[in-house]
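First chain written, first letter: the chains are A, B, C, D, E and F, and each begins at residue 1.
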Amino acid sequence: MLAVTYIPYPSWLVPGDNTWQLTAATLVGLMSLPGIAVLYAGLVQKKWVVNTMLMAFTGFSLVLLVWILWAFNMGFGTNPIGGGGGTGIMHFFRDMVSMPHPITGAAAEQQQTSSFSQTFVPFHFPTSTFAYFQVVFAAITPLLFLGSVIGRIKFKAWLIFVPLWCTFVYAIDAFLLWGGGYLASEGAVDYSGGYVIHLSAGVAGFVAAWVIGPRLAKDKAHAVPNNLPLVAIGAGILWLGWNGFNGGDPFYAGVDAAAAVLNTNLATAAALMTWLVIDMVGSKEKKPTFLGAINGMICGLVAITPSAGWVNGLGAILVGVIASTIVWFAWNYLPKIRPFSKVDDALGVVFTHGIAGLTGGLLVGILADPRMIEYGVKGKNYAGAKSSFVSGLLYGGGFHQLWEQFRAAVWVIVFTAVMTYIILKVVKFICRGLREPDEVLAIGDLAIHEEEAYPRETFAERISSVPTRQDDRV
Amino acid sequence: MLAVTYIPYPSWLVPGDNTWQLTAATLVGLMSLPGIAVLYAGLVQKKWVVNTMLMAFTGFSLVLLVWILWAFNMGFGTNPIGGGGGTGIMHFFRDMVSMPHPITGAAAEQQQTSSFSQTFVPFHFPTSTFAYFQVVFAAITPLLFLGSVIGRIKFKAWLIFVPLWCTFVYAIDAFLLWGGGYLASEGAVDYSGGYVIHLSAGVAGFVAAWVIGPRLAKDKAHAVPNNLPLVAIGAGILWLGWNGFNGGDPFYAGVDAAAAVLNTNLATAAALMTWLVIDMVGSKEKKPTFLGAINGMICGLVAITPSAGWVNGLGAILVGVIASTIVWFAWNYLPKIRPFSKVDDALGVVFTHGIAGLTGGLLVGILADPRMIEYGVKGKNYAGAKSSFVSGLLYGGGFHQLWEQFRAAVWVIVFTAVMTYIILKVVKFICRGLREPDEVLAIGDLAIHEEEAYPRETFAERISSVPTRQDDRV
Amino acid sequence: MLAVTYIPYPSWLVPGDNTWQLTAATLVGLMSLPGIAVLYAGLVQKKWVVNTMLMAFTGFSLVLLVWILWAFNMGFGTNPIGGGGGTGIMHFFRDMVSMPHPITGAAAEQQQTSSFSQTFVPFHFPTSTFAYFQVVFAAITPLLFLGSVIGRIKFKAWLIFVPLWCTFVYAIDAFLLWGGGYLASEGAVDYSGGYVIHLSAGVAGFVAAWVIGPRLAKDKAHAVPNNLPLVAIGAGILWLGWNGFNGGDPFYAGVDAAAAVLNTNLATAAALMTWLVIDMVGSKEKKPTFLGAINGMICGLVAITPSAGWVNGLGAILVGVIASTIVWFAWNYLPKIRPFSKVDDALGVVFTHGIAGLTGGLLVGILADPRMIEYGVKGKNYAGAKSSFVSGLLYGGGFHQLWEQFRAAVWVIVFTAVMTYIILKVVKFICRGLREPDEVLAIGDLAIHEEEAYPRETFAERISSVPTRQDDRV
Amino acid sequence: MKLVTAIIKPFKLDDVKDALKQIGIQGLTITEAQGFGRQGGHTEVYRGAEYSIDLVPKIRIELVVDDSTVDNVIETILNSAKTGKIGDGKIWSTPVDEMIRIRTSERGSDAL
Amino acid sequence: MKLVTAIIKPFKLDDVKDALKQIGIQGLTITEAQGFGRQGGHTEVYRGAEYSIDLVPKIRIELVVDDSTVDNVIETILNSAKTGKIGDGKIWSTPVDEMIRIRTSERGSDAL
Amino acid sequence: MKLVTAIIKPFKLDDVKDALKQIGIQGLTITEAQGFGRQGGHTEVYRGAEYSIDLVPKIRIELVVDDSTVDNVIETILNSAKTGKIGDGKIWSTPVDEMIRIRTSERGSDAL
């Protein structure tokens, strides 16, 4: 390799790492588009397919712009607004984010990435790579909680809600847990977003469903999905795309990335089979269902997210089994009690993302194996001092990590809930309401977009726009 | 890394670069299959779905064979047919391509790639990688203009048209702009194919639609799409696949690849939102539409293609906004005037690819930022002399680049139009006509392929082929 | 690159290789989910869509667990059960597998991978990477033969059949041909699984279809597919995913990986066009069909699998043309004669995988070009002694390789057939039958899963589970 | 006997079915239909082109009833299908010569 | 002339069609329908929520026949559509005033 | 009153609908149907296996009209649906006892 005659890289760049990071980011992007867009499109009623897909595409686009124009630097900048000083509660409130500013300049795009948290591990790729990897995470989060509010949220309200939420909830949680903020510095960890993304999406979705109010009673009572193969397409892309989601989070194409990928798949397989088996022995019908299996799959993916590279293979399987079991019971029993019985979380995001993410986040405190090393590794280049690992209760870490995970969970739940509520009130004010009127809801896509998911050509007659040529052959 | 004990690479190979290039190529391949195949399948009338998909699959296959058997070396060979000498107009016409020959031998597949243009930047992967990366670009081009001619082109004519077009249009434009030919040597640039692919596809599609004639008047008047989720699947794969399309074009997994990926996403998000907003405020219905958003998305992807790694982030956003706006107005007003009112470009390829590609190509001359460096970069390995960058009007480059971009555009438009016309006349002669007969067109897929997109089992009775066993249980 | 200041890798790890291997594995995973799941879902009758998809998702999950818990070490462990000694027939039967044990521990996941066969080529990534790459191959195999048994196999029988088959057939063949077992040591080769995966899947599917018995006569006679665009999605993902399937098998992101990718695409394009042309000139209807083209495509992908990096480009094209032609005739004529006329291999897996895999495997013995080098390559790092290449009959290798390929094929066919038969008898005993009862088969998805693929909301009335709120707005 | 045919709004189907069950109707057949009438259709816009769909989705209910029940059935449908808005649909009845249950070959009222 | 309408189980369509062809019937029209009757519907479960579908898929056959053929046609449908299980469906006939073939404007029996 | 039922070729729907509008028809109901008749069906080939589809797609139009309009309506459909090729379809009319508009409970001609 040394004989390579022309080296077009700056000295800090490693092409293998850059490739992995860009590939992983692309996989995560695919999880949103077309992944979540069609997974949700398949799950909603036929009359909501177009609306659901368009909210997914616009949500993704809006976060991209917001992120690059200001929010990336809020979460991953080098310059905490409070200056980075202070301790305890001061530290916490003074430094909830870094200074917002765009990364659209030539220098910003091309220089080696660094964030407030990267004091000891320099990443070997430019800011463009890092920001793009981070933005696909930021963008999938609103798409996840979209599942809670479909079937009644006003389209314009969505277009305003997403940028505000990304700025005032996501960027802050990202800074606190990943960007070097208080929670991170205290020791709470979140490998790839069990809290920042999934728990937060579950809570935001639940609160939003509550604030916006339920779907039409008729829609709720007839809420059959419209297309299961579409769900399969989305689900398959989610599963394999998650290799990038979790595999990309060491930010090195090293040993831990590989372990994270393997563990993600183990947890997911275990969770899918767990839900299936409980369905077969424990549900009223005692039948295996496809959508049940997919629910289980999602639980596994979500629950392993906070710990993917910090548990060993056995831990990963346990995470899958435990999370799937807990969410199965939550899914089947919680809707009967308050507040769940009062809130119409249409696709159940609070369960498959909220509770699964919470379960996974707490399990880090129990199952993390300190021999799983994120950066430093045994061997010739062993970097003991800079090694990054986590010890759970079962591996001699005591209750410390569990406590940190618990505190972080409380923060994410409370902060997300409160801020989501406030933001929605603001959006409601701006948009004069958060819901489409009932007569629009009764119709769905056709009323909002004048499009339907599966148009029937037989009954359509073109009336305007491009004139039909007179001389067309018939 | 130095401790690696066994090195199975030749000295010129960098595994990170090779990986990135193969990954990028695979992403671009996915844009065609299933990307374009299902995007278009969703947009056409139900009776044309099978025909559209089969043209996509066969078009892709034919280009693959043509490319490896002769056309790759025409575009990217080391040996211009005129010997590479001459200046000005002589240079131009003597050296429009390199000598055609196959790259199917063991030596050709395995050696370090090099082309006539690579005098200063050696790529760190073999010819197999380079040829494969280039062929997925060559293959998507006919698939794009397929959108102009669906619903009437004779299937056999398609099978002959594609290889001829690839040979006599694509390979030549590729040589002139990328392979070291005249336009490139004069300074015209095309980062990933805004001209070679998109402008050319738009022009070819438009000319072909004109030569072949319009669809049946009835089909044109009832041209409702059949499946919007299918469009979403194709669109999502296109967007994220474009990370490989533009990210692969520095041919190094370096800084500029990352910037190109980020810029591509920025332009696309901006373009999608631009079209959506114009639809909401400027269209007759004042409604946001899903297919409008997808049109905007494609405009962004196409328009950023010629400049992805040469503009900064702000430039990328501008490219998206400008291209989407221009194409929106073109889409809504040009069909009313000649020649657009006379030509049935079924899916509007001339707009979303032709005009968007042209806009993006010219914007290079305005927005290219010389601080965006394709190969050489600041830092320890800064290779000043070999740096590759472009200066637009707004960044001190004067009108030079704009003029070169303009000249190249004129060439691509005129040459593609004339050659496409000639090739179609030849194909018409060979196939005795370019259109399926009207009674076949009235039926569509069933008449041409005896298949339909969504068969109904209830009414089918097997009559032949494999005999049904007598002893089957009922 | 040397200036990189922080190296978080062990000395044996190359990030470019690790990235390629993880990316390739992800592509192969996508071939199963959603690839095969939706390809098959589109091909079956509407009433079997959900069942087919759920068997794909569960089959994939089960193999993942089985593989990591014991089977990976059976196929790719370092410790043959017989101790690795003995010669000839002794060698063969004593060492059919390595010792089964899990790889779920922290050490196992993170250490450099090694298998019994890797005496001279150390791979530059951890066991997690290698095991994950191998498991996506192991997992797709049952999904392939699922196509033979859909429409009657008992769902529970599937859940038991898959783990047993993976353990007692797949792991053994993998060891014998890839893990350093007898067939490999004698010289038989299988680049990416033409035998271990495709031939074996074809045989297993055929035997299983025979043992389980045919579908209902009515289903067989009305076996029209339900959704061709779904087939297109699956097919496109298969094709491009195969870049990882074959490109990943040198286990280095080097020259041969690139050649394997290019050859795979060449063979596939040639095979698709071959089937199409034979359909156009040789079928009763003389029409090009989409599903015919897809059959041809699969033949090409499968047939190039055993030789992808050992033939040159011309060889690859020949493989595609020959395999597609042979399978076309087999597909159209063999079903008329025994035993094919007696066995209801629903989707024809024995043809497109079995016969195509066999053809490709034998062609290695004819077309392998010794100048195609898997590991050692010319240049500064040329490792002559450790080079890995194969010589076929046409390239001076005589009949040796052909004979080895033939012997290996005989083994795979006989062993797979016998073991599949035995396993099914065991499963039949455990599950009290292998078939769903006929009244269940008459209904399909709704009877087995209480779900249907495309539910119609109009006629559904929610009756239980989550109570509808009384206070919902209407 | 009479064949009563009713064209109703799709979302009223459950109500009508329940109401008919209440008065003892044991069977009916429905088909999905498209109606053209005073109720306007709608416009769909695909890629900027407007299409007019002047047909609206309807459910068509058919049931054969004894002469004695006709009025009650019609009344019941009228009440349960009415929203008072344009497009509520129509009911018509036609004479039936013969009614047979396939399973038993019973004829007339026994076949209902 | 009479209009014979038959509601049958979908998988019986081929048999009925063949039987009618045998007795010389040259034309008929079918629509996909949903029946409600003694035959129970089924339950579907999506993500744990149960939905009751009390309508079962049926095929609706319509054919206009000469008065002289009615009985034979009914008999033929009865025989070919019967499985003996609940839900086999119904046949009814109604009087027809006029029957015209669009292509030729022929009326009455000539139009069949 | 009469119920006029017409079976036509799908691509003729627009023409027929327009023609009926012209003569003042204000409402009708259509269903998608499949016809079996002199017009041959077609073959479909999936993966080499041939399937015979002897049913062809048709549109079924139903409209209840006043006795006085029947002839005009039939004539109009005849003219607008005719292509002269086999498979153009049929028109038949049957007597109607009662016609009611659900919205207003109007009966008879008022309900049209």
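Definition applied: a residue touches a chain if its C-beta (ideal position, glycine included) is under 8 Å from a C-beta of that chain, and two chains touch if they have at least 3 such contacts.
All values derive from a computational prediction rather than experimental measurement.
Listed by label, the chains touching chain B and chain E alike are A, C, D, F. Shared contacts of chain D and chain F, meaning chains that touch the two of them, come down to A, B, C, E. For C-F, the matching interface among the pairs A-F, A-E or B-E, defined by over half of the contact pairs being the same residue numbers, is A-E. Judged by contacting C-beta pairs, the busier of the interfaces C-F and A-F is C-F. Between the CA-based centres of chain E and chain F the separation comes to 18 Å, rounded to the whole angstrom.
Chain centres here are Cα means. That of chain B falls 32 Å from that of chain C.
Taking each chain's centre as the mean of its C-alpha atoms, chain C lies 53 Å from chain D. Within chain D, the positions touching two or more other chains are listed as 31-32, 34, 43-46, 48-51, 54-55, 94-95.
For chain B, the set of residues touching two or more other chains reads 1, 3, 7, 9, 11-17, 19, 23, 218, 222-225, 227, 233, 284-285, 287, 289, 291, 332, 380-381, 450-452, 455, 458-462, 464-466.
Under the stated contact rule, the graph of chain-to-chain touches is complete, every pair of chains being in contact.
Across the complex, chain A is touched by residues 10, 13-14, 32, 59 of chain F. The part of chain D that touches chain B in the complex is made up of residues 43-51. Residues of chain C that touch chain F in their complex: 43, 222-225, 283-285, 287, 289, 291-292, 295, 331-332, 348. In the complex of the two chains, the chain F residues touching chain E come out as 2, 6-8, 31-38, 54-55, 58, 60, 74, 77-78, 81-95.
Contact residues on chain C toward chain B in their complex (touch as defined above): 3, 7, 9, 11-17, 19-20, 23, 27, 45-47, 121-122, 124, 213-218, 220-229, 232-237, 239-240, 243-244, 247, 252-259, 261-263, 265-266, 268-270, 272-273, 276, 284-285, 287-291, 293-294, 297, 312-314, 316-317, 332, 335-336, 341-342, 344, 369, 371-373, 375-383, 386, 438.
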